[in-house]
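This is the structure I have questions about; it appears just below.
All chains are identified by letter, namely A, B, C and D, in their written order; residue positions are counted from 1 within each chain.
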């Protein structure tokens, strides 16, 4: 029973994924605490900061199955933070008071922040895989439909033809930039925290920076130059990244749902029995996944703003702003995971109706080719005159609802230079795709491995 | 195991409440579906739209315990919405295919929206009670400390004295306005939805509006003039209200955490053993609840923006925007409930140190009384001259770190008119509280029952 | 030269209006300061708090044309707030130091807040008029097209027919709720501020509350029970209202731009030469106003969140949050005004193509009537069987691309009961409009005067 | 006269800067259009795509002073976009209809987007300089106060001592990361746009990609692999960056205003006559700049969300989302510039009261040194016992309001091992600064050139 849709047993797998939820679960968070306490004991035992015997005993007990989660809840509600509860339970598990040496020199936020970074690393790995898969699907679509005409739409108006592959490749270029961003910021944000009460490591007399370095080496995280308890740009940067990824997914969903309109009918979300259909309206094929994506990313961008808000931290350990991250970050990851999963599903099985795409180009009876016609007539009757003449003939076509080609063929000034065949060629969208194919190739040639 | 803090078994009762989570749980949502289907069958049986026998059978089976939630999850993931799954299970529970008559003329969104409204009614009732309790605590504080001086602070600078009761009453006035708002919008937003596929009730040949009216009467909801499937101002209005309430709670938390600073130390969150304390820093008393409130309401205001976003709905049933509400509304309610609960706790047991308040007034050695002194000397030496003279003497007091009173007493132009006693009276904050008490009384006299 | 689009000499009248910009201009803000100082002098002269001679002199000089705006800018940059600059200039304008009596007992924020409230009153009056005009246009459309069929769309899929009047009336119902909200909150938010340094009016020895009451009476504002310098729910409430109005306008824009798609072509923004057209793509008719509306309201909802943020005010006079309002409130009003103006334009001249609406209903060759057919056949062959049979026949219609009517007519089990004529009637959208007309009437009958 | 604070003649230089406003002004935007048209003519003349004579004539007329801005406003209000107005005026300026060759193959959005990128380049250059200056000030403060003790505060409670240099260096580390981010994303986002109506460059028969490459070379911008008319991650990325920078500035402002509290009084914004002072409350020294910073960045983070929203663009040229950028981007830049300028001012002249910092450490009479005392006694009486004993003595110190040192000295179990001198050393904050100095050095050693 979850009150949020993310944790709902009914909706959870729609708006998020099991794998991402597990990362941000109470269990995994607590496991990360133990992983850090274990690594800390290991390093401090090795450095002789705590007795080796204590290190061994602590490490032996850093085991999630030994933690009483109900007790932890009670401890957390009393103390306000779960780390001390875990430390106290761990302490009690160790023989001969050796547990006193656990958490040596650390503060609650050191463990919490480092755990968050470890969780982010896991979460980003999932996102990285999803982006790669989405990139793969988009690349396949771009390649396959490289030369398949579809009307380009500007302001939701038919403009000039492009190709469906071009449409996919343009989106793909953005996805590739996300992958580049991720590669750039990962080393920056996957940085551990270990500074003690106010970040100075005063609580460790000797070997403080060695402990910090050793701990981060154990955990595979970057060593900070200085504590970042209240300097939260790296966390907010991840929030921005999730917002940016969401923006791209929202654009995909927007296009899919527009193309799935009955009146357009150019692509469909993958068919699954019962999905998006109605028992009394058999004509319907709802863009269910696109709806979910739209909603999830609309939330995530607000979480981005909340994570920026969390940067307004006071002094050495903040009073409220930090807790904004606790709420916003897991949700942003979970919803992004849901949107990524739905997008993967949509793109991997996207049904493309190339003939409907072609047919839609024709619904203006050639008007969308007017730019091409103007250009084609230019050499014969002058560019400017061609423009004005074709523009007038288009108005005539609209008024009389006749095909532009017929009007062109009938016009003496035009048919003097070009016959129906030549004019039909000018009016053929396939001949007015510009650099669409080359641009697709450019994008495909720059894909990340 | 929850991935969100709201549903976390560790943090859930800190950032939300059990009672509010239950309202937005899978169970209660599903129970509301059944409650609506039951009411619908009842009304339609009574109106003769469906056979009375069917109504009886449907009503008999509208029982949450009969619903297989695992199956419902699977159905929801397949179909995209849980209502049809519930209807199909309900149908299967009924003998002799009488279940075919359930959900008669309804569409998924009718049931979902009306369930949401019923959940909002329950959620608003909890909030109403919390606001009443907070109002009660603030009123008690305002009354008790009506005449207790505390320094008024402007731009985080000491300005002139006010009373702690005045401080509480000013906040109380805002809480009372929230209660007024709630009373105003409840009749507007607690409106049911019943319109069929596109809101026209075309699916019911006879008795359509009678069914609608009867259903709403059964549920105690307002009857809409027209379907509001994609006209979502009432839902967004509730989101705005939650944002507004959050703003008030955030102000309370801000003041409490500022007053709890060591350097200020005027009030404290209620003492609870272990709460907000540190094992190595015994001097600390962390404003734990204020932190939680700050974080929760920072999230809620972004949910408000998301709910406004959800208003941009397309045509008769929206494609994504609606689902924003699914995510944002339960979270906004749950986080608001958490913030309200923490605020109740803080205010009900707030520790007030009136003597420290008094002492803080004195840390500027009388400078905060300069406005009072200027005004008090005016009648003797002229207002303007009094201003300039006192201003100069204040500068002297700052430069020499001497009490303003001593400087005033020593000044020949001043001590000619007023002796130390009279000047001390001018410098006494108790004599410069203005209308604080009367304003407190005004607020208290206008409390809602 | 403006850096913002609102103040851009190029874009200003697109994204805002001259009238609303004037309300939030430096000139009008300063004029409001003077209006308040004038009223204050008037009241305090009358009450004998300041010399009548001073009151007369101050009132005489409360004249915007006497204020040196360049000097005011310099003063503001130095002091941080413009009110003292105005007071100091006003003071200097008065003879015989009588100006010393202006601003008596007031603090900067008293004047600033009250000026903001006066500006809001003017701004809300414009919005009220716009909402009334929009309501009028929607009512006219609802009335005129009460019975004009258009396909109802759910999830951007054709569902069942509704009427265009119904579509307009549903939106109208939301606009009418906004007008109701405005009427409800106006008395609450149009409340003046007059409290002195920390809200207690300590700066006025006698007649403090009388001054406050008199001032508010002069200005036509509500008298506050207590100072609200840092209790900002009323300002944020206005921000919420603007967000809510924006949501409704965004929905209108969304529907218009979807209906203007070439593939849909049911309505058009009013024609204006050159507007939204392309010199090389004569087929285009861009939904220009809808674009602007969409963008403006997307900004406003984030301003709403910012105004909620501004509620987190500290102590008696806040340190930063207040200034959020300074930025957000004028912009929210200006952008809302722009969106309202564009919406008025769109609705007042909306071109409606009823025949295209009718034609679009037919593009599924009758499938959108399947629900109606199921219901119509029910009495003859049993509801459940009718459902299954029709559903199968619809699948056949989709597969064979034949009209549903032809398939129905050809089916022996069906044509036994109903001939082509009767079946055609079942398939006629005009006969399946449900309560659309009555719902329109209900909305129209409840319009605010 | 501006309605927005950014363009207000009174507030403009407070919340923004002249330099940044100029970048986003109508004049500069229009100048950029001309710069691009000029570069395009140059390249296309060189490539032989347009006559060289036309290129020369167009280039000659690309002169902002020749543009009639009033006419441009009228054109923009009619057409909806200003680019065509500029092109039409430019065309009219050219002799012999040679102007027909300007804007050859381009679409409105090509010019608009590329202009925006050029404006962003200018804006980012200003921000880069501001960040460098802020970095410089923070580095100077970190260096100068590397060893100056100040109490570290956690949850607004005094925790353990740190140094003021450490506090500055922690913030500095975040500023340096911003500079790193800027260096990383600049090559990605400073990418031009040139794609024609739907991005395919179909409008240029020969030399399309050569024109694109040449144009970008002229302008010093990256060449896109494919059109990005509706793939807006790069614009939104800049919005995220501004939000992140704002977060850091907000943190600085928060700390400054907290430290300026009368009760804390550790640092002050630079003194300027009249600034932040009150005529009747001479004790006040308002953190004016911090207020402005707080407000500006609170707005910017909402603009970030709006810019993420703008990514949900439809098809090849979006219908509303694009215009969100028009509004949000200039404002985000202008407000960020204002916040940066205020931060520069604050940091460059920050008044630091090291003695008050030292005095504040003592207000708990040594309690903040309890952790140090626990650690110092450990070797003598056992760590665990030391903890418990000291904790008890601290409680006693709190209860009796006696200095911890006195209590320690008086305790037989303690004075057996350490005399007053030794205990005083343990209680001296200077001896408990941990790695603060080394961390400062680490940050300083990694500064960007």
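One rule holds in what follows: a contact is a pair of C-beta atoms (placed from the backbone, for glycine too) under 8 Å apart; a residue touches a chain by one contact, two chains touch by 3 or more.
The structure displayed is predicted, hence computed values, not measured ones.
**Student:** Comparing each of C-D, B-C or A-C with A-B, which pair has over half of its contact pairs in common by residue number?
**Tutor:** C-D
**Student:** Give the chain pair, either C-D or A-D, that is connected by more C-beta contacts.
**Tutor:** It is A-D, judged by the count of C-beta pairs in contact.
**Student:** Can you give the whole-Å distance between the Cα centres of chain A and chain D?
**Tutor:** Going by mean C-alpha positions, chain A sits 24 Å from chain D.
**Student:** List the centre-to-centre spacing of chain C and chain D in whole Å, with centres computed as mean CA coordinates.
**Tutor:** That gives a centre separation of 32 Å.
**Student:** By the touch rule stated above, which residues of chain D touch at least two different other chains?
**Tutor:** Where chain D meets two or more other chains at a single residue, that happens at 154-156, 159-160, 197, 203, 257-258, 276, 278-281, 286-288, 291, 294, 298, 302, 305, 309-310, 319, 371.
**Student:** Where on chain C does chain B make contact in their complex?
**Tutor:** Residue list for chain C touching chain B: 97, 100, 152-156, 159-162, 166-167, 169-171, 173-174, 177-178, 180-181, 184-185, 188, 196-205, 208-209, 224-234, 236-237, 240-241, 243-244, 246-248, 250-251, 254-255, 258, 294, 297-298, 301-302, 304-305, 308-319, 371-372, 375, 383-384, 432-436, 438-440, 442-443, 446.
**Student:** Enumerate the contact residues on chain A facing chain C in the complex.
**Tutor:** By the definition above, chain A touches chain C via 154-160, 257-258, 260-264, 276, 278-288, 291, 302, 305, 309, 360, 363-364, 367-368, 370-371, 374, 387, 391, 394-395, 398.
**Student:** Residues of chain C touching chain D in their complex?
**Tutor:** Result: residues 1-11, 13-16, 20-27, 29-30, 69, 72-73, 76-80, 82, 84, 197, 203, 253, 257, 272-276, 278-281, 286-288, 290-296, 298-299, 302-303, 305-306, 309-310, 319-324, 326-328, 330-331, 334-335 of chain C touch chain D.
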